[in-house]
Amino acid sequence: MATVKDFRNNVKPNWCPGCGDFSVQAAIQRACASVGLEPEEVAVISGIGCSGRISGYINAYGYHGVHGRSLPIAQGVKMANRELTVIAAGGDGDGFAIGMGHTVHAIRRNMDITYIVMDNQIYGLTKGQTSPRSSVGFKTKSTPDGSVETALSPLEVAISSGATFVAQSFSSNINQMTAIIEAAIRHKGFSFVNIFSPCVTFNKINTYEWFKEHIVDVSEFGDYDNTSRIQAMTKIMETEGMLTGIIYVNDSKPSYESLVPGFKEEALAKQSLEISAEDFNKLVADFR
Amino acid sequence: MATVKDFRNNVKPNWCPGCGDFSVQAAIQRACASVGLEPEEVAVISGIGCSGRISGYINAYGYHGVHGRSLPIAQGVKMANRELTVIAAGGDGDGFAIGMGHTVHAIRRNMDITYIVMDNQIYGLTKGQTSPRSSVGFKTKSTPDGSVETALSPLEVAISSGATFVAQSFSSNINQMTAIIEAAIRHKGFSFVNIFSPCVTFNKINTYEWFKEHIVDVSEFGDYDNTSRIQAMTKIMETEGMLTGIIYVNDSKPSYESLVPGFKEEALAKQSLEISAEDFNKLVADFR
Amino acid sequence: MISQLSWKIGGQQGEGVESTDRIFSTALNRLGYYLYGYRHFSSRIKGGHTNNKIRISTKPIRAISDDLDILVAFDQETIDLNYRELRKGGVIVADAKFSPTVPEPSELRLFSVPFTQIADELGTSLYKNMVASGASWALLGLPIDVFNKAVEEEYGRKGQAVVQKNIEAVRLGAEFVISLAGGPLPDFQLEPSDGKAKLFMIGNDAIALGALAGGCRFMPAYPITPASEIMEYLIKKLPKYGGTVIQTEDEIAAINMAIGANYAGVRAMTASAGPGLSLMVEAIGLAGMTETPVVIVDTQRGGPSTGLPTKQEQSDIFALIYGTHGEIPKIVLAPSTIEECFYDAIEAFNLSEQYQCPVILVTDLQLSLGKQTAEELDFKRTKINRGKLQTGELPTLEENSLFKRYGFSEDGVSQRVIPGEKGGIHHVTGVEHDEVGRPSENALNRQKMMDKRLGKLNHVKVTNPIVVDALHKAPDLLIVDMNSLGGTVDEARGRLDIDGITSNHITVRLLHPFPTAEIAPYIAAAKKVVVVENNATGQLANLLKLNVGHSDKIANVLKYDGNPFLPHEIHSKCKELHKQPVKELV
Amino acid sequence: MISQLSWKIGGQQGEGVESTDRIFSTALNRLGYYLYGYRHFSSRIKGGHTNNKIRISTKPIRAISDDLDILVAFDQETIDLNYRELRKGGVIVADAKFSPTVPEPSELRLFSVPFTQIADELGTSLYKNMVASGASWALLGLPIDVFNKAVEEEYGRKGQAVVQKNIEAVRLGAEFVISLAGGPLPDFQLEPSDGKAKLFMIGNDAIALGALAGGCRFMPAYPITPASEIMEYLIKKLPKYGGTVIQTEDEIAAINMAIGANYAGVRAMTASAGPGLSLMVEAIGLAGMTETPVVIVDTQRGGPSTGLPTKQEQSDIFALIYGTHGEIPKIVLAPSTIEECFYDAIEAFNLSEQYQCPVILVTDLQLSLGKQTAEELDFKRTKINRGKLQTGELPTLEENSLFKRYGFSEDGVSQRVIPGEKGGIHHVTGVEHDEVGRPSENALNRQKMMDKRLGKLNHVKVTNPIVVDALHKAPDLLIVDMNSLGGTVDEARGRLDIDGITSNHITVRLLHPFPTAEIAPYIAAAKKVVVVENNATGQLANLLKLNVGHSDKIANVLKYDGNPFLPHEIHSKCKELHKQPVKELV
């Protein structure tokens, strides 16, 4: 069985020292190992951004696509081969700005994919502009007088889009991240995992310390029932999204692939491309 | 002062007889008149779809853009001339499929625009395919065995995107539609108005009768407080979105235009394009 | 007896024009006639004039005719808009209800038949279509049983009672018109056909069927006119083969999903028209850069922007070839017949896997939506070739090493492996990369990778990149076209022949990489080259000028008003151009 | 005394290479030298080798040099990667900390200065940049006060103490190196400059400033390398003029917002690079169809797909011109100097309103990001022309009638009015439409509207569509290029002159509509045409072939490894091509 080491390759990440994404990478590697996966059974599909580079740093199949489109590609991969564990990953700009529409629809479609957002409240790769996750008043290169737009609440949007698994974690807490990603991979349906992953170079506000001060874990609410949509939504609103843990799970809804008429358990990629002469004649007969 | 007649032109809509969009058109015309607007003060920006044709049927400035982009165009118009009343309009495919990302971000940005979705749970113009609003099991040309995707909840998504005005109405109820659109126009910020507007040609499930049976008005909840986000969200979830009325309002949040640093009350379109020689010299001096 | 005849039915959209046409032509098809249909319709659902025209022939035909023999009219507007098209002695069969008249004195025969009244008497005015078609069928004097069979198939699922009423309507319509005409019209009697039922389909059907036979098992797509039929066909058929169609949130999702699926080893395609293609540009670049196979169908329609969504045009050519930022390998195939739609769909998938690049299959609205007779489709030609895809077991990778997915090779094509394979792990990125797919900014690697990717196009082999009809060594004219225009051009050439103007004919099927070597000798041999195309800027002619040169003798016949060419238009323009001295051509 | 010199500083990204370069070149600029900078950097934030090179001259220059005089190195990698570029006798100033060595025996002078140690002694290693730059400045023997002034400006906002420490670092670095070298190096002494402080900026600054002066008041945009500086400049300046920048959710939103704003009467633009442009294609078609003015900047970078985002390339040319489905009028302007970036930005806005169509302003990475000396910008040339925009009061419209926003006219341009005006109500749609903007499928109207829209391009008048340097009547070579390449080509031409090869030079500034008439005589006159471009398929050459013909004598010098051309590369390739017989050229 593969160990965490098998999910490492010898590529040195080009992230800045201290970047939150390092731990996210480690957590994914650990989670894959603990789920008992082999590297070739995993496909990591990522977007463009500092975070998007992650698909190149995990020893698994990796596809680094275009900005904002990791989810459509990931869904194509899953449909082609449902036996693969498909992990989509990218930044907050990638998933919540240019990719917002796909995020909502991928959640709604509910294929068995794990989507990890490295949420640093800023655009790292393009050197520090605002992101949909930046708070009001946040000064960046593109908002020198401070942002005036309400920050997007990924957790609220995920739940309202019909998510069946919604979690949030923090890059400093590698154990929680690992456990959440593991649960996300095991969840049969779309798993949305938002991870606060500080950008140490451009975001001087939402730092490791800042998060430590502001986040609260769901385990701290004694009677929290993460199978209740209404309760999850209420809690997110009350805490303004600053909570961590598995916030909502619906295990009863079947995944997209299992609902598609005629869709076999065996990977489509392994099925024959040919049709029989008999079938062909039948198909042609429709047009006589 | 302009009357409802002034908002009519002599173009005969090309909608099918009985289409829900006729009443939406009438409600917009009535609402504009009751707010006391003149035709030239109104710009209707629409997307592509049967519904998208609406901008051509109202005597006002009209821009019929490309599929899914009515909101970006509308926001450009508003930024250029904040004195105009800007109404964006389109179908459920336009706003919730291809335009989903813009819808979330326009809501979040909160410019003073009224956005009306003619929600018929189907693609009308392209002759009857599924829409993000189609229910599970709904059979269309593109889902002959019934849709397997969860229908999008526009109201939930609007609220979780930070909407400051969220309402829903039904094309049979022209008085309510008119009142809601009037309130939406008066609201200083982004107003999201979803209207059930039956497609009599392709949607044989979500008919006028069906809606009449399924919808409940917020006025029927005795103690409903539409300024509470949590209450609004809870009610939407409880009724599975089948409620009408003004579901949520936040009057305290200033609109985007009024928060932008340096943005004048007077329309940008009316300001001078020239800069002074003195200013120019100062600007150039930065580069010495 | 005549060998061909043109029939048109017109009315308001939603009035049953299409179903009437369907029954009429199904019956003719069963009788063994060759058919070629044209639909005139607008971008709205109900209302607005629409008409369907069918050309019926005892021999294969691939063009609509200049004129018309029979017009079936549900309203006066249909007569007003179409009567000029009728030949001398042509016939109008119209609903007596609106007291039809012919606007000008003319040598037409008008049969006023109470469509609506007869239908009403049968129970509902819905039957009026059958009254009308029965009447026009009777004038042709063709056997009624085939017709009734077609009626039965159309309405069968509504129950036997409905079928019977419709058949009754057909009979009454026939009787009524015969009572006026005194019998089938002698000058409208078609020669007997070969009697063999043929395939009768639209180009989109042929593409969808070809895709299925070519191994396509997944189609993410977003609806749009005139492409939607492809997804609508496949969603019905794919489940049986384990595959499916996803109606995505937009075209960007569609193309990226198709790329993802191809990357993961499944033949997947998407289809759209201009607006959708414009949105796919970035992802097509990704497929080119990552050498991921993918097939995209563009059913051209009237542009620009939303343009004329239900009209004929060929104006996406340059956009399809060049519309990607940066430079990628890409193949653009343009089938020119309904049969080619089928075979090219298969070939598109093969090419996309052989050369590991996006393949665009481009049609025009007339080819995609015009219903026509197709030759038998040869199952034996449906061969699948997956190129360098590695399917057997792979050697184990050394520690810390990756599969050379982008290994350099003579033809630029690398071994490909799909996720899931042990020993095949590699990285894929749209950033410039090395042989195992890791990002690289190394200048030498960059240049080699560009040469590798673009160099693949030098090896592309396509069955018949051009269709050539070149009897003449040094013809007065070489006429060049693409997609649906060939048939119309051939009719025009027949008339040029009579005028004593010799012409060769080339239909370009491979738009990119351009078949310069194949086409150049014919260009060189011709006195003048006339490129016939449905656009305003002469895009196909520009491709010739760019790739073959000879700009000085290349002229254009253009039409961009939304309607397909008629044979006489091409004929007269070619005659004019023939008269002009070469130097005045351009 | 020398008239020019090249200086380079290299180290890890994030190590202060850029700020050091900034201070160094600001000081030189103040002294009145002409500068031309080049940044070598990667698509990552910290780490990875980066270097900035500046060419310093007493005369205007527009190219980087083949070789290098001084290299300042923060690490051994910098030396390893760059020492080959140093000319014989060149100097390396390196941090003693890493015990710098020159890999091969060479005629270089190495000064090992304890950058880090001196900095550490001053309190923090952050000062090492100033030690380094002080040392290299001292070798040039230039006055130190200007340099200290630049240091003060860079660090002023951090307080006087920090400034003083930095100035101290400069002094110590200078002293140390002088103690090694025995004084400023005699062979590195620059001739005095004209002493006038010049403008020193990047192309993106010039474009942003031009846009502001040209009346642009709104910019919706999405960040991307190498375009982001344009929005970052404008967001700082626009609020003063009532305008603003919106960072949108994506490029599709950006372009559509810009279209909306222009429609509503405000000059608005957006800017991006390849991937963003690809996403804008559909909306550009909308602007073309609705005749809405809009300005789009494309700062070309290495493609395809994400490609080489921080590298030089000119590979979007065809995509910019042809990348729209259907056919629209569009203007593509390619400034070739930093001053043109400024003036063309203004002209772009004027053209977009005069011809009511999208205008694309295209640069390349080197022009957009290379910092260089600019001539004084002439305020008097910043004229605004809004074309046929109606601003006065309009006649009242008759009931049920609309303003003829798309009225036919001789030049194809219609009266335009903005929303809010009484008497101006009309409809706008991307569907084919009539004169008041109502959708229309009428064939005649369609054709007239296509002719009207596309015909506008026949009237386009642009200041200097080509820049011509044509001393020779029948030169051996005509060299054609665009964007940033002109300066390098001119240096190569100087050397060709010496070889006795005569050459003319044309830089194409208007890519579309192509200035065929202007350029054709020069093509005809030249014995051979060499098109120099940073791409792999020869796109500019293809534009020439397509529009002007003469394919048989057009050759290409291409470079597509991400780096800009060096003069010697163009020189040697041109020499080779000159030798080849014409028929072997292609």
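To keep things simple, chains are lettered A, B, C and D as they appear, and every chain counts its residues starting from 1.
The rule is short, and it goes like this: a residue touches a chain if its C-beta (ideal position, glycine included) is under 8 Å from a C-beta of that chain, and two chains touch if they have at least 3 such contacts.
Everything quoted here is computed from the prediction, not taken from an experiment.
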Farthest chain (mean CA position) relative to chain B: D
Pair of chains joined by more contacts [C-beta pairs], B-C or B-D: B-D
Chain centre separation in whole Å, for chain D relative to chain B (CA means): 41
Distance from the mean Cα position of chain B to that of chain A, given in whole angstrom: 30
Centroid distance [mean C-alpha coordinates] between chain D and chain C, Å: 44
Rounded Å distance, chain B centre to chain C centre (Cα mean): 37
Sites on chain C at which at least two other chains make contact: 42-43, 239, 249-250, 275, 282, 285-286, 290, 305-306, 429-431
Residue list for chain B, restricted to those that touch at least two other chains: 48, 66, 97-98, 100-102, 104-105, 109, 132, 145, 260-261
For the chain C and chain D complex, residues of the former touching the latter: 42-43, 273-275, 277-279, 281-282, 285-286, 288-290, 302-311, 313, 315-316, 318-319, 321-328, 429-432, 441, 443-444, 446-447, 450-451, 454, 535-537, 542, 545-546, 549, 551-552, 560-563
List of chain A residues in touch with chain D within their complex: 14-17, 48, 50, 64, 66-68, 97-98, 100, 123-127, 129-130, 132, 141-145, 201
Contact set on chain C toward chain B in their complex: 14, 42-48, 222-225, 228, 231-232, 235-236, 239, 245, 247, 249-251, 275, 305-306
Contacting residues of chain A [partner chain B, same complex]: 97-102, 104-105, 108-110, 132, 145, 148-150, 152-153, 156-157, 159-162, 229-230, 233-234, 237-238, 253, 256, 259-261
Chain A residues touching chain C - in the complex, by the definition given at the top: 9-11, 38-41, 43, 45, 48, 53, 55-56, 59-66, 69, 71-81, 83-84, 101-102, 104-105, 109, 260-264, 266-271, 273-275, 277, 280-281, 283-284, 287-288
